[in-house]
Structures are given as structure tokens and as C-alpha cells.
Amino acid sequence: MDPVTKALNELHRRISGLTDGEVASYIPKLAQADPDDFGIAITSMGGRRYQAGKADTEFTIQSVSKPFVYALALTDLGPDEMLRRVGAEPSGEAFNAISLEPVTGRPANPMVNAGAIATTALVAAADPEARSARILDCLSAFAGRRLGYDEEVYASEAASGDRNRALAYLMRSAGSLTDDAYAVTATYFRQCSVLVTAADLAVMAATLANGGRNPVTGERVVERSVAVRTLAVMATCGMYDGAGEWLLNVGLPAKSGVAGGLIAASPGRFGVAVYSPPLDREGNSVRGVAALTAMSERLTLHLMHAPVHLTATVTDTGHGARSSRTRSPEQTALLNRSRQRIIAVGAQGELEFTETEQLLGAVEGAVPATPGWLVLDLMAVTGIRPGSAAMLAAGLADIAQRGHRIVVAAQEPFLAAADGHPDWQAFTSRDDAVAWCEDRLLAGEAPLAPSAPSAPS
Amino acid sequence: MDPVTKALNELHRRISGLTDGEVASYIPKLAQADPDDFGIAITSMGGRRYQAGKADTEFTIQSVSKPFVYALALTDLGPDEMLRRVGAEPSGEAFNAISLEPVTGRPANPMVNAGAIATTALVAAADPEARSARILDCLSAFAGRRLGYDEEVYASEAASGDRNRALAYLMRSAGSLTDDAYAVTATYFRQCSVLVTAADLAVMAATLANGGRNPVTGERVVERSVAVRTLAVMATCGMYDGAGEWLLNVGLPAKSGVAGGLIAASPGRFGVAVYSPPLDREGNSVRGVAALTAMSERLTLHLMHAPVHLTATVTDTGHGARSSRTRSPEQTALLNRSRQRIIAVGAQGELEFTETEQLLGAVEGAVPATPGWLVLDLMAVTGIRPGSAAMLAAGLADIAQRGHRIVVAAQEPFLAAADGHPDWQAFTSRDDAVAWCEDRLLAGEAPLAPSAPSAPS
Amino acid sequence: MDPVTKALNELHRRISGLTDGEVASYIPKLAQADPDDFGIAITSMGGRRYQAGKADTEFTIQSVSKPFVYALALTDLGPDEMLRRVGAEPSGEAFNAISLEPVTGRPANPMVNAGAIATTALVAAADPEARSARILDCLSAFAGRRLGYDEEVYASEAASGDRNRALAYLMRSAGSLTDDAYAVTATYFRQCSVLVTAADLAVMAATLANGGRNPVTGERVVERSVAVRTLAVMATCGMYDGAGEWLLNVGLPAKSGVAGGLIAASPGRFGVAVYSPPLDREGNSVRGVAALTAMSERLTLHLMHAPVHLTATVTDTGHGARSSRTRSPEQTALLNRSRQRIIAVGAQGELEFTETEQLLGAVEGAVPATPGWLVLDLMAVTGIRPGSAAMLAAGLADIAQRGHRIVVAAQEPFLAAADGHPDWQAFTSRDDAVAWCEDRLLAGEAPLAPSAPSAPS
Amino acid sequence: MDPVTKALNELHRRISGLTDGEVASYIPKLAQADPDDFGIAITSMGGRRYQAGKADTEFTIQSVSKPFVYALALTDLGPDEMLRRVGAEPSGEAFNAISLEPVTGRPANPMVNAGAIATTALVAAADPEARSARILDCLSAFAGRRLGYDEEVYASEAASGDRNRALAYLMRSAGSLTDDAYAVTATYFRQCSVLVTAADLAVMAATLANGGRNPVTGERVVERSVAVRTLAVMATCGMYDGAGEWLLNVGLPAKSGVAGGLIAASPGRFGVAVYSPPLDREGNSVRGVAALTAMSERLTLHLMHAPVHLTATVTDTGHGARSSRTRSPEQTALLNRSRQRIIAVGAQGELEFTETEQLLGAVEGAVPATPGWLVLDLMAVTGIRPGSAAMLAAGLADIAQRGHRIVVAAQEPFLAAADGHPDWQAFTSRDDAVAWCEDRLLAGEAPLAPSAPSAPS
């Protein structure tokens, strides 16, 4: 058994003993859930899936559907219009709070019921059936399998859904809902009655954590920017009126549902889901909260935890790099005389702001006043933020401006991410990069960038 | 000029044109601020400092003091007692809201005035003077220089501070404040009147981003867990009633002050600060908000943005590693026959959850059924979360349990982070690690872990 | 022209010049009302009707229906159950406020929309049609003529009534409404669309002021206690969030409607109604408020204004009353010797608490130690509170207990109100009462009460 | 024993059995009150005083001071400015609610603590001592005896008065309080610590009921209009968040205090007070509420109860009145021929709106087309509203305009109330009035009003 599964099993065993909480009873059908059901599942960015306990037991998604339908509506409307229609502020109120923004009637955020109903209404569709179909398609794409409904829960929810109808009529009267209030509420109940398992929810959460691409199926479900905004709203509003304490203690965007589902996402790392029907006073799964709290502590998943840097980003700032090419003695002698003009700067690990800034600092310190060949060895760089790539490019362009020739050795994906830099000579091996510089030296060329004005020899 | 400074200058120039907003006037002295003053500063985790515009102009820290004094009180009280006294929920209300929790009288969070005053009162001290002294010491340690007061602003604030006095008396009557209400409010005004520059605030924010250690002075100001919790509270409550939208758009924990200061922290990356007095309707610096929004977009700083992985974590899963040691022909022949029992698995980059999980998967796939020597080459690993280290140790312990000998090659800090694993043989060079395995093979030893029962020869 | 009509005309002329306010527009059909329409009507307790301006123009009753339907439901449920279902507290909120009592979901009072809808639902009926029919019957009985509907306003109101539907669904979800929410709201809209004139409303208000009996038709529409409670709720909750200031300035229970109707009732004096569509910010008819404010001041109608007492209640406390009967000289001589045993105490005006207490004080002072005949002359008493009658009876019973004979001269209605006092000898003329006493004296009888033990002759 | 005292004793005995409620404990000194202490007192408009139980036990007035200090401030400021500073709306909130009007910071009403503190601050005075002195003088004038302080309660209240200080500072910060917040709160505590008995409070309440004139001492303490407004505010705001239900059930303006005092006033009838320390959940004396509820029911004191009219207002509408004057046979013959020109209309009882309107209707019906002498016999009229007097004068002026001569017979106070009517010939006996008309007839005069143009004979 792999260590992740083993850890999940141990966690499952430990937390099974927790028998606090009450199964939700306001929807009669939900009250029949087995309070002992308890499953945990994790899906990694690599698409690997781990689980423990009843992670394949089906239950209704309920409010855990909210972030995913928000992502769908956000895709349809774009960020500005979406924010104009549904806010993003934690309301300091319960999930079924009836307060709307005074003048606009805008609901506070898409994680409280009012906002979720308004969000459902914003999913583009010709009619309610088409809307329900699009929502089911979307949830299925997030889960990576075709999902279905629990018709009995739907009927039970529709029969006891007057408060949600009240919210819908209230928004209609305030102008923040323009569809038929009764029909929209029905669509919302339908969305809540979609059947999922903890294993499904883990994939769905992992898809958000993975920037919108389902790590299991490989399908891009929503744009990266949509996933980012969805996670941000989950972070501040996902745990209802306990959102602040949740972010304080657990530090991960999350969302819970009244049927006992609970998801959390660690951006770029994994999605996790728990299923256990007994709820605490705030309406969150008791075992779900306990499991995620334990995992966050154990795995240091808190968003605010700065990673520990083990070693310097910059691995090399030497002058006089040497390739493994076989050279003639004359060539060797010539190279040895001029080798100081080839400057090698190496880096490793993730290039985020701090690392990029360190790397550029090292480059500045290494390049001499007279133009030379700068070999930037990024072979050991494992990741880079788009913003860092741009920052690096800007810094190197400045060096090039001063007459230096930029020669980059990096893995293919990096070169792709930093594409469109015609003034970089790029290689996928350091040795090739240095050899190219040696060849230029041997040919008596100046290290001018292609776009730089030709210097007199 | 370095590229960061250059970028800051360009940003400063672009945003200087923004002339919206009003200088705060409710404290008469603040109304005299120059609306054109505008400075930006950044401090990186490496302690490098960048700035543009009037980043050395002094102004009063005001509410930007709140997270730092919270960190101080949190250190004094511990997380549980702190939470019992001051909540962590965004209140959905303005900074000077007068609502407290119904029964306990607990203020909603330490970023609204009520919570900040309660927090100030929780700083352990024999008397008000000692409390003010401790607070000034703390703010100075965060800033990395000795800070002082603006006595005129203090006097002006004290003269117009009746609402804050009301909050203090209200908490006293509710039992959530036990000190003298008038005196505590005075201490709070004193804390707000500490003079800082944008450059100071950037260092202060960077100290939080750096897990509580000042990256410029190297001083540990607060514990890592205190910094993490402080940033979490800033994330949900730092921008008052606009906190949700801020996290949606900018995605960084932040805090603003009425004098025009604004800080944000990117955990593990940097701290940033802006000074520009004109405020928007929510009371946040107009240029500060614009500058941070632009930076977050440009540098992809949003907390929910998953990093882009350029390359696989696992770089090597070969059987039959070979050291550079000089061996006799017999030894070579012997090694060549048994070399398949030495399995090398290499990894690079940051080891967070996803990477660790990938690495353990690779190890599982590589180790054979019969016991052997597993050389884990972590030389190119640049960072690791404590949680990931534990997860890796657990996975390797399981491998060892099955009779394999774990031999790790890694940099010193990694070995320190993963310390206390007597069943690992550790080296700081891959070649040494492989050579050690070869030596064991040559000596005819079995690959048993030290703690494993001795196998028959 | 009678002086009341003349005064109304003058008031109408003066207030016609007031052109502030806006015609309600949230129900499209209402927006078409003529802002110049303006009528005033008064109905006195004697059933006399006065009016000025367009007092016969029909408009929809809207919220002015609320107190009358409340009276109907109160009759059905009784005071305790009614209060359990709909509160009686001014909410300090607007007419369409959505707040309900936290635990019970009980609406604050029957004058805000939520409470009015709940009240409509409490009118006993087999189905919505029957309920609408009972409500129309009730409003018609209050008005003294058969009323009808404005179907166009009803349709317009139903089309724009989402906020009221929201309130109904909200109460259903809270358990404070058990009927079908959609249907109840429709019944409420129907009730609001009943067509009335200012003249009708004046009769309706006068019926409440007259203790529930229509002063024009003579029909008892609701019980006296129901009328009293209805007026009490109007006094504290009838003018929405301006109820307190209204009671301060005008001092009369009142109710306004969005179509421009406004009623007020002066208990025991009259009902008044104004129709003028332009509304002020609180939603009350501008001219209606002005007219009632002027009338209250001019006629000293304020509930808290103590009446001015012109003269003493007690008109006579003499010993030795004498009838106009012709007596023989012997009889005259005998009577003259014993006449001191006949004590006459007279009273006039209204007998409320203060007057009754004065009268009893006078009786106590007049009756001698030895038993006699007490002739209580109440011929000039014009009114009496039930409570005062009981208090008077108790006081006289005490006198009788001491051996005095109580002989009352009063008008028929008084004797009816104080009926069931077998120990009183009652007459409808003072002379007859005194003569009866003289006859007893002449017959040598003792002044014993019938129930008193027979004294030895 | 008089019947009122007897009734009070019986009520006291019955309600003594009620042992619910808790003595207030938030002010430590108050917690020492004896829960068995129970007194009732009534003061009538005639200044008579009745009491039962411990009506002479002293306790602190607490919030019962609020209406009286409001009356004092209202006298200082006038109604408009007073309303601008302190509202008159029931807030739907507890006595110590901290909400103020959003923009102005105006407290909701003078019966909640915030409004009471603001009201205290509005009492005109050079300094806090002078203000306390004026307040004590005012309360003493209302009570009719010199009152003093309970210094121990004052000290205890000051020591535990942080919430009230919070309210004061809050109002200062909102601009609705301009005095020193700490000092004003101290003045308020001082006002609350004034020692009174139930007997005192009954006189104080009776003074309000009597239109501002102390019925025991005869001193006018405040203007009639001030007393009216004070009672109106008590009616809507006096019983805190239970004001609506109180007015529904009891129907009298009232005010309770935390020490167990409770007053109510029946305008024009009496003031009543109860003292019994155990309080209900709303903070009102349990026995006080029970006693007043019982009294209101038994004595039909509810403001909305229309009085029962026993008999017609109009007692006589005959033509041809005859005086008791001795006339010569010729004179008699002449009078008999013209006697039809003397029209007598008589009225009795209270002349409020309804009665005045009836009387004017009778006059209209009685006066002939040709001018005559109208003898209006108001000898049995016992009371009249100022408004009714004006209405009567207007109606009679109209009759005079048509050539009739108005001759009024009424009691002195009525003539004083209707003074300034030069066209009335006034007498204090009907016989004199008729005789005067006969004299005019005999003299051959026309019945012209003094101001009417002389008609041709």
C-alpha cells in the first residue's frame, strides 16, 4: 500500500471515532443518511487518486456544487459582469441569510444560498432544462465521469424549499434576478441533487487546484483565471460564517454541503474530499473538518506557509565555462585566452518572484563591463510563474541592450513559456550552449544580440 | 538600474496619474497630508530592498499596525486564547463597526477597530507605558530600525477618538475588555501614531511573508505559526468590507491604514508597501490598491495561482548506479554482477505534496521484490515542506520495512529538515552514496536497515 | 352649510396648495393616479357624514385594509392566538421589511406587509375564494356599502408582487405561515385592490372609533374589544417607521395606503379619511398627513390631551331632600322631623375614574353613622365607563352593608349598564326616588337593604 | 376604608402571590433589594392619593426618570429642536441598544438609554452640578416634595456604567452629543439614583396625566403641550421592546425602571405607580405589569376604549322658553304672542367633537328662517375641549350672521374658555338668559347681534 493511502487510512481510523454532530434533517430525505458513512479521497495534480473508507458511496452534492456552477457562470459572463451580479464578500451571516445589498439587491457572494441561486440563473441557457443540462455537463466534466441525480432528494428538497423560493422572489423584486423565481429555484434544487462520491469530489477539487484542467482526464474544464477566482471566493466565503476561522486554522479554500460532503483544494498540489453526514452547528461535516484540519497541519498545507528553501537558487556564476567538445590545441589555446568572455550563471528549482530577483541579481553581478556571452543555465529550473518569466525576460533584455549575447540552456517547457525572445540563443543542454559560444569565439565574432546594431570588429 | 527597481519606477509613473480619492479628514492632522506623496517599496525574502517615489517619506502607521500588534498578542496568548478573546471572522462591516458577538462581546476580528483595541489590551504589560514600549519595540523589530511617534497626530487622534472610546467602553461593559477603557484607547492611539515609511512597511510585510524572520536584519521577530495566522487574518479581514473582492482580484493578504499606507505580503516571496494619502470610499489608498492590483496581475502573485511545473520531479529511476570510485578489476566484475541491487531514484525542485507523492510513486515502481540498496538522489531538491518531509520519511520507512536499505544523497539543510531517521544512510553527494552501497556489496553485506532484524548470511 | 363641512372645505382649500410628494410607481397601474385628486371625509359617532373635495372618487384601499382584516382575523382567533401568530411591536423598519422574529418566524406586527399577509392567511376559510369573499364582506360591513375590486390594479400588483411572495415563502419556511404561499399572496393582493372612496374609509374608521359598531348602518361589525385592540396596533404600528413621531404630533391611531388613502380614528368621537395620491418618503399621503396634523391641533384630538373639566361632578350633597308629592299636614310634620335621614347626593357629566372617585368620596362624606336613605341623583350623568360602573357599585354595596338603603335616580341606559344590583331601588326621576323614601319613612320602615338581615322594628 | 383603597388592597393581596422575575443584578447595589417589597399608589386628578402595601418604601427612580427629564429638556428646547436632537420612534430594540440613526447619530427615542443620556445633556445648565440641580428640582416638583439621592446606588452605577459611557462616546463621535461624554454619563447616573416611593411616582405620573399641573400641590410643572408629548413618547417607547404589546393589552402610557418602579398615566384621570423589584425578561416589574394590566381591564382604562354615552347631549330644542320672572298680564300676553321667537337649545355632559357636532346640528334644526333669540342652555355641560369650543363659536357666529341673537347660559369656566365672543350675551343661569330675551321682546327690540348691521324695524 502506498504511503498516501496508508496515511489516509490511518487518518480515517483515527477520525472515525468522532461521533459528534447531527445529520441534516431540514430536508426529510437527507435525514435518512447513515451517520457512520465516512470516506476520504485525494486526487493529486498528477491525476493519481487515493482514498480511504466509503469514498465510493454516493450522496447528493448540495452546496458543494456552488463553486463549480460559479465557475461555469463566470466563464459565461466574465469577471466584471459576474461581480456586478453576485458579490464576493463574506457576509458574516449564515448560509441561508436573506440580506442583499441595499440598493442593487446583489447577493453577498455565490456561496450563500441567495448568491448560489442568482449564479445558477446566470448560467446561459435557452430554458430551465437546457440550464440543468449544462450544469450537469459541467459538474460531470469536473468529476471526470457522467453524473446523475437523486430524484427522491430532489423531490424532498423541492417540497421543503420555501426559504430558497423566498430568496429568489426577494432577488426578483430587487431586480437582481430576472428569470422566473420559481423555475430558477427548481433548477437550483436539481443542481443540489446531483449524486457524487467523495472520490468524485476529490477530482473536482483537484481540477480547481490544477488551474481548471482535470488532472485525471486531462480535459480543460474552465480557464485558469476562472479557477483562481473560484478558489479565492471559496477561501473567503466557502465555510459560511466560519470562513475566517477556517482560513486561520486550515488555510485552504474549501466548501461544504449539507449532505456531509466537504472539499478543499491546495492550489498546484491536490484536491481532497470527505464524506460524513453528521454536521456541526455551522452546517459543516464534523469528520470532514477534523480530517482537513489534521491534514493541513500534518502536511503544512496552509496557504500562508512560506515554503522552506533548502538551497540557493543560483548554482553557478563563473566566468570561463568550458564545453565537452573536442577542440584542437590551437582552438584550446585561443579559447583559454578569451574564455573569460563566456559567463555562465546557473539556477535551480522554482522561479517565483524571489528566485527570479535573486537570479537577476547574480547575473548583474557576473556580467562584465565589456560585452560577452552570457550562458544562462536553467536546466535544473523546475517551475516558473508567468510573471517571473516576464520579469526575467525584461532583465535579460536590459543586459542584451548593453551588448551582451544571451544564450539560454533550459528544458523545452521553459523555452516555450518564455517564447518570443528572438534575442536569446536557446539550447536544451548546457554543454551545447557553451559550445555554441566557444564556436562564436573561435569564429572571431562579437557577442552582439541579433537586434543590436552591429559593432565594429 | 536593476529590473525590479525599473519595474517599480514604471509602475510608479503610470499610477501617479491616478488622482481620485480623498485624504482622510476625520483626524484633523491627517487632513494636512500632501495628496501627491506617493512611494512604493518591496523587500524580498533575500532581504533585498527596492523602491520608487517617496518611499522614505514618514507618515503614521495607523491601522497598518493592527496585524503586527496582533502577532505580538498572539505570541503572548497562544492561538486558542487569542481566538477566545478576538474572533477571526470578516464582519461584512466597516472598520469602525460597533457590533460585537452577542453573548461573549468578542469583537469580530483584530482588523476592525474594536478588535484592534481589544488586541492592544491583550499585549502583556505591567502598565500602559510598558505596553506602549513593547508595541513600539515590536513594530521596530518588524521594520528593522528604531521607530518613533508623531506626537501631533497622536494628540489630534486622541482629541477626535470618541468612537474608539465608545468601542472600548462597550467591550468593557460586555466583559471582553478588562483593562481601563480610556487608557487602552490611548495606548491604541499611540500605536497608530508610530511614524513609518513605505520602505519600513515593506520590510515589516516581508517579515510576515518570510515566516516571521526579518529578511533584512535576520532577526526572528515572531514564530512561523504566528506569522501564518497573522497573514490568514489579513487575507480575510484586512481590507475591511472589501476583503472578499480584494482576495478575488489581488489574492494577497493585505492591510491598509487611514494615513495612506497599504501593505501586502506574498508568503515566501516578498513584502510590498505603498504610501499615498488619497483614499477610496472603503478607506483604502487609491494608488495603493491600483499598484498592488497591477503587480499581482503582472507577477502572477495571486495565492490561488498554482505554479506552472516545467519538468518532472523525478529525474532518474535506474537500476545499477555506478560511482566514480576507482575499483580493482575483481571488484568491478563483482559489482557488475550485483549492480542491479543498487537502485537510484533522483528528484529535483520543490518537494511539496504533489512532488513527494510523485517521488514515492517512482520509488515504489523502482524497488524490486528482493531487498536492495535504494539511493535516493535529492541533490537537486531545492525546497521541501515540513509535511512533505514527514510524508517522504513515512514512505521510505515502509520500503525499509521490506528489507531495503535507504541511502540518501541530499544537501545539508534537507538532511537537517528530515533529521532523526536512523535508518537512512545520508550523504551530501550522490557519488559518495553510490560508492557506499558498492562498498557494502563488495563486503558481501545484506542491504538490511539498522533497525531491521538481522538476516541470515 | 354646517360648520363641520365648512371647516373641512377650508382645510381642503388650504392644503390643496401642498404639491410635494410622489405618486407611488412600484405598481405600474398606481402611477397613473391623478396627483391633484384630494378628498377629505369625516363620520361622527352619531353616523353623520361630512366631506370636502373628491371624497367620492374611488381608489384602491391597499394597506388601509390591514387593520380591518386584522380585526376579522382577531375575531376568528381570539387575542391570545392572534398574538402568538402575529406580533404587535413596532419594528422600526419599513413597510416591506423582511425581518421576522428569530425563533418563531412571527412577523413583527400586522401593519407591515409580512404581518398583513400572515393575518390574511389567518382569516378562517375553506379555500382562497372563500377567504377573499369573507374579507370583502368584512370590508363592506365596515364601509356600510357593497365594495368591489379594481381588477386592473390587482393584475398589476400581482405582476409586480415578488417581494410580497418572498415574504410569504419566508414565513412558510419559518413555519409562521402554513397555507400555500403563492395563493395567500394572491388573496392579499386581492384585498389590497378593493375600491373605496375617502367617504367609505371615514365610515370604516368611525366604526373602529365607535367600538366596532358601524355608526351609519348601526351594524355591529366586530366586538368592542377587537376594535380596541385594532386601534392600539394602529397607534404604534400604523404609520410604519414614522409611527412614534406621528403619535407625538397627531396623537391618533392611523393607517395609510400606497394609493394615497389615509385614515385616523378618534375613539368615541369620529373617523376621518383623506385621499391624495402623492406620498412622502415614508409612503404616507402628503396632504393626508398635513390635513390630519392640522385637524388634530385645531380640534385638540390628541389621545394624550386630558379633557378640560368645567365644573364639579358632584352637584348636591344635602340632607333632607323633599319630593313634590302633596302630603297631609301630619305627614309633612312627620317627614320634617325625620327628613335628615334622607340624604341626596347628585352628580353630572361623564363618570370615568376620577369622577367616580369624587362621587364616592362625596357619598362617604354625606352618609351619617345611623342608617338612612341615600338618594343618588345621577339624572345628569351623561356617560360612564364599564369599569366606573363596577367601581361605583362596589362603593355603594359597602354603604349598603352599613345599613343604608341605596335609592338611585338615573336615566334608563345607566340603570341598564349598572344592572344586577338588587339592593338598589332604582327610579328614572329624582322626585320619584325621594318620594319613595318619604313613603318608607311615613310607613315607619327602617332603611334596610333587601339583602340585609331584618332589623327589629 | 374608601372603595379605591379597598380595591387597591385587594389587588395588592392578589398580586403579592406572584413570585416570578429576578431582581436586577447588573448594578451590584440593586441586587440587594428585597424581592417581597411591593407597593401600589394612585393619585387622582383631584389630588386625592390612595395606596396599598409598601408605597412609602424608597428606591431609586432609575429609568422612570426619563420621561420627566424629557419633559424638562422639551421645555428648554421646544418641540422641533427636541425632535431634531432625540427621535421619537420605538426602536424595536432593548433599552441599552447601541444603534443610532445612520447619518445624524440621533438616538431613536428618549426612553432608551442613548436617548435618555442625550436628553439629560440637553437640559440647559452652566455646568454638570447646575444640571443635576435643575433635574432634581424638576423631579421634586413633579413629586410634590423635596427628593434626594441614594449615594451608594450612584457609586455602584457609576462603577458598572461602561455601556452607558460607550453610548455617550458613540453619540459624541457621531456629533449628536456635544458635551463631555464622561461627565454627562455621570449626570445621568445621578438622575437615576434619585430616591422615590411608589406614592411619589403616582403623583409624578398624575402630574403628566393632569396636563402638567401637579394635582396635589397645584403647581404647574410643565406646559400642557409638553405633558401631552411626553405621554405620547411613553405610549410608543416607554416599555422598551414590549411597547406594542403593552399598548395592545394595557393601553396606557407607561415607564418602568430597573429598580422595580413602574408608572402609568391615564390622561385626565389619574397617575398610578407600582414598586416591586423582581423584573421580567424585558426588564419590567413583574408585579407592576400584572397590577396595571388588571387595573386597565377592570377600570376600562384603555386609551382606545370609546366612552359609553348614556344619554343625548342635546336636552331641549323647544321654541317658546319662559322665565320665572313675574310679568304683568299685558306683558304676559305680549310675550305669549311672540314667544316663538325665543328658541331654547340645551346640552349636557362633555362637549368633545361628537357632542359639539350634535349640538350644532340641533341648533341648525331649531333656528327659524326669521331672526330670533337663541338661548343656548349649557348649564349642564361639564367639560369641553378647546377645539370644541372653537368649533361651537364658529357655528354660532354663522347663526348670528343670519341675524339671530345668541344668548348663552353656562357656568363661569365655560364662559371663560369661550371668552372673546362679543356677539354672545352670556348668563350663568338659564332663567336669567330667557328673562333677558323676554325683556328685549317686551322692549320691541330686534334680535340683532351687536356687530350685525341694524335691520329696519
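By written order: A, B, C and D. Residues from 1 in each chain.
Assume a residue touches a chain if its C-beta (ideal position, glycine included) is under 8 Å from a C-beta of that chain, and two chains touch if they have at least 3 such contacts.
Being a predicted model, the structure only gives us computed values, none of them experimental.
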item	value
Contacts common to subunit A and subunit C (chain labels)	none
Repeat of the A-C interface, chosen from A-B, B-D or C-D (over half of contact pairs identical by residue number)	B-D
Cα-centroid distance, subunit B relative to subunit D, in whole angstrom	70
Inter-chain centre distance, subunit B versus subunit C - centres from mean C-alpha coordinates, in Å	72
Separation of subunit A from subunit B, taking each centre as the mean of its C-alpha atoms, in whole Å	19
Set of all touching chain pairs, with the criterion as stated earlier	A-B, A-C, B-D, C-D
Residue numbers on subunit D that touch subunit C, as the complex places them	2-4, 6-7, 44-46, 48, 83, 87-93, 108-109, 209-211, 224, 227-229, 231-233, 235-237, 241-245, 247-248, 251, 253, 266-270, 298-311, 313, 348-350, 352-354, 357-358, 360-361, 364, 380-388, 390-391, 394-395, 398, 411, 413-414, 417
Subunit D to subunit B touching residues, read off their complex	98, 161-163, 165-170, 172-174, 181
